[in-house]
């Protein structure tokens, strides 16, 4: 894709003169993009910069954008005086297990769907896609009831179970799309070389699927890290609360007093995703479109 | 010799079951089963405060129809979904067209434009609360004052609260729309554009007769996805306005949550959930139709 | 090394029968080509020998061992695939040594064996590279190396040359044949290209529509095709086939085409038989005693000249060692070599 884009760019340069019309159009494009970038980046930058302001500056009028002096006090306070570190640890535990289980179960199933022909295969795949569309809002009451049956209310295990189940379908779709592009003769060569089916999957197919794996992994990570409604309902005690529930309960609507913590807490809660995004970005768009196209 | 079906061969042929079974059980158990179970709860009088419940038939549905908040919540929901869909789809298309141009630095631009998509809903809610803080400390009010406009109370004003809520949801939702539509734009063969250029098409004509018709299936799929996504969305309304002030920003999905986990009326919440599920089902059928038509066209 | 024996092999996909009872013996050390048009079942048959497809009915023996229910790895075979199927994330050395690694061979032995084989194939300098860094011919060689390393009883090749360009294909043909002469391992080679089969194989199995049409050495197939299918499939340009009748004229049998031209035959047949008359282009001569035919196209290649004639209503192709200077529209007299005539029953297609 990069090569194509590259050649398109060079060809454009060669073939077309820089007419006035083109200059104006390009300038307008950049202008339009500057507007988009401002709308996207302004709130984020404001939060990021706010996290470095002195509490006194945050509550001062008129509000500032650029901090008068940079300080880490907000971060130190959030870490020492709030439960955010615990919430982040809880989030990390739940997300990590969800990621491992989702990818393990999802890619194994995707391999099954990619390499065998069996009755109702297409129907099962479409059913998975449809089940994926059932929103957590619709299932939230039954989740609560089911978790109380299983004795999993206010546990991480309950969250991991639900997250894993709801993230498996898109993992299957993305990974199956990816596996389908790898020739089946690779599997056959490995089988003749002496691999079992599972070993083919593990030693040959999986190492070749890093792009798809990164895309599916990032999507799962993003969803699990950010999930709000489900943990709010089934795991909202202080001990097991994840980041989103913690922020909602303890920085929520009426807590103007914690206002100066909120900036630093938001930055700390979002940073892991941004870092993961930077790593996964390369593969993300291709992986996403391969999953969403069909 | 007759047809041989040795145990070993049978194993090899059906080995896929071991690969797909765990996924299928888990998905059925935690998506299909609760959805069906929720429907059955809607025919009972289950309440989280009382241990026992019994079958009550359609009683909850009659309650729903005669619910005094229904007109307000219904209007809010339709207005909210319609605004979000219109804004998200059109902005997504415009920005995708922009990003599809052979501009220098467009990879960076794409990364920036997609950024809101990765921010957790709770963070967006907190962020918009502070951006649109109704006091003079809110940065939006400060900007308004700076340019000589009146400050606003934002989240404590019914109409302004709705506007902020829509803005927050759109801010977060446009990137997915961009990703899908950019993907769609990139599958349109370059030869089509070259042929159009040779035929003397103007920029506008190229957009009108080449780009949009080829993008139509993706736009449709996107439309359906955004509609169902917005209809089911609870996170930002819950954390940003909580339905307030009053019930001026309460949408159907939020009513579900409030009925279930504030009034503890599990049965009534399940009734609303069932109605939302049916709306989703209709949207899904539309989605599969579009997909099938697209497949036929691709073949 | 071992012979491979197929007994009454059938294959169904659901209710569709794609292989219709095949019996064949591939002898120890032999190079056999399975050849036929695409969809004839040759690849399916090969994959059944490899253990990649189930055998619906029948038995396959490798050596004395019945292998029907054996996993591919237990059959002591190695296979080279059309797209090579090299593991993209492994080096050449790792690709070649993978099967030994799986069977638990110590690293020392593995390396020694890989090096030995690399030397045979001239791959010593490429052992550290990845498949994407290799040319098509080099990949092909690595794929063969991976097969040789295991020292199997049987080599299976599934159209291994069809992804190469024409020039490379011809040189690889020679290399594979040389390799076989050196290793003397039973080899089964699937191809749709009859020239490949003719040049490389000790024996050829011609398949069509899930059945064996003929088994024989290249020369047997060329000289005595058992039926119309083989006659047309083997040889390039392919045999001229004319429909007509045997007639008695002046105490000698002649063949009368539908258009009324008469051509000589040697075989003793009763007059009135409906036959197909086959003659290879290279067995036509320009002769004053021949029948008159109109030149349609002249294609000189330098070493020989191919001429397409109209003989009555039929087209007939001749291949001549001498230079032909005729122009389209000219009339020339052509004569089939009477010793090289093939006659087939028009109803059954079988050789008479």
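Labels A, B and C are assigned to the chains in the order they are written; within every chain, residues are numbered from 1.
The rule is simple: contacts are C-beta pairs under 8 Å (C-beta built on N, C-alpha and C of every residue); 3 or more make two chains touch, one makes a residue touch a chain.
What you see is a predicted model, and the numbers here were worked out from it, not measured in a lab.
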Distance-to-centre winner among chains (Cα means, whole assembly as reference): A
Between the pairs A-B and A-C, the one where more C-beta pairs touch: A-B
Subunit B and subunit C: spacing of chain centres that average the CA atoms, whole Å: 59
Rounded Å distance between subunit A and subunit B, as computed from the means of their C-alpha atoms: 16
Between subunit C and subunit A, distance of the C-alpha-averaged centres to the nearest whole Å: 55
Subunit A - residues contacting subunit C, complex: 183, 185-186, 188-195, 199, 204, 207-208
Subunit B-touching residues of subunit A, taken from the complex the two chains share: 1, 5, 8-9, 12, 26, 29-30, 32-33, 36-37, 39-41, 43-44, 46-47, 50, 59, 61-63, 65, 105-106, 108-109, 111-113, 115-116, 118, 124, 126, 128, 130-146, 161-162, 164-166, 168-169, 172, 197, 201, 222, 225-226, 228-229, 232-233, 243-244, 247-248, 251-253, 259, 262-263, 266, 269-270, 273-274, 277, 281, 285, 288-289, 292-294
Subunit A-facing residues of subunit B, complex: 14-20, 22-24, 26-35, 37-38, 41, 46, 48, 94-95, 98, 101-104, 109-113, 115-116, 118-123, 126-131, 136-139, 142, 145, 171, 179-180, 182-183, 186, 190, 221, 228-229, 232-235, 238-239, 242, 253, 256-257, 260-261, 266, 269-270, 273-274, 276-277, 280, 283-284, 287-288, 291, 295
Parts of subunit C lying in touch with subunit A, wherever the complex brings them together: 50-52, 71-73, 77-79, 81-83, 85-89, 98-99, 102-103, 146, 150
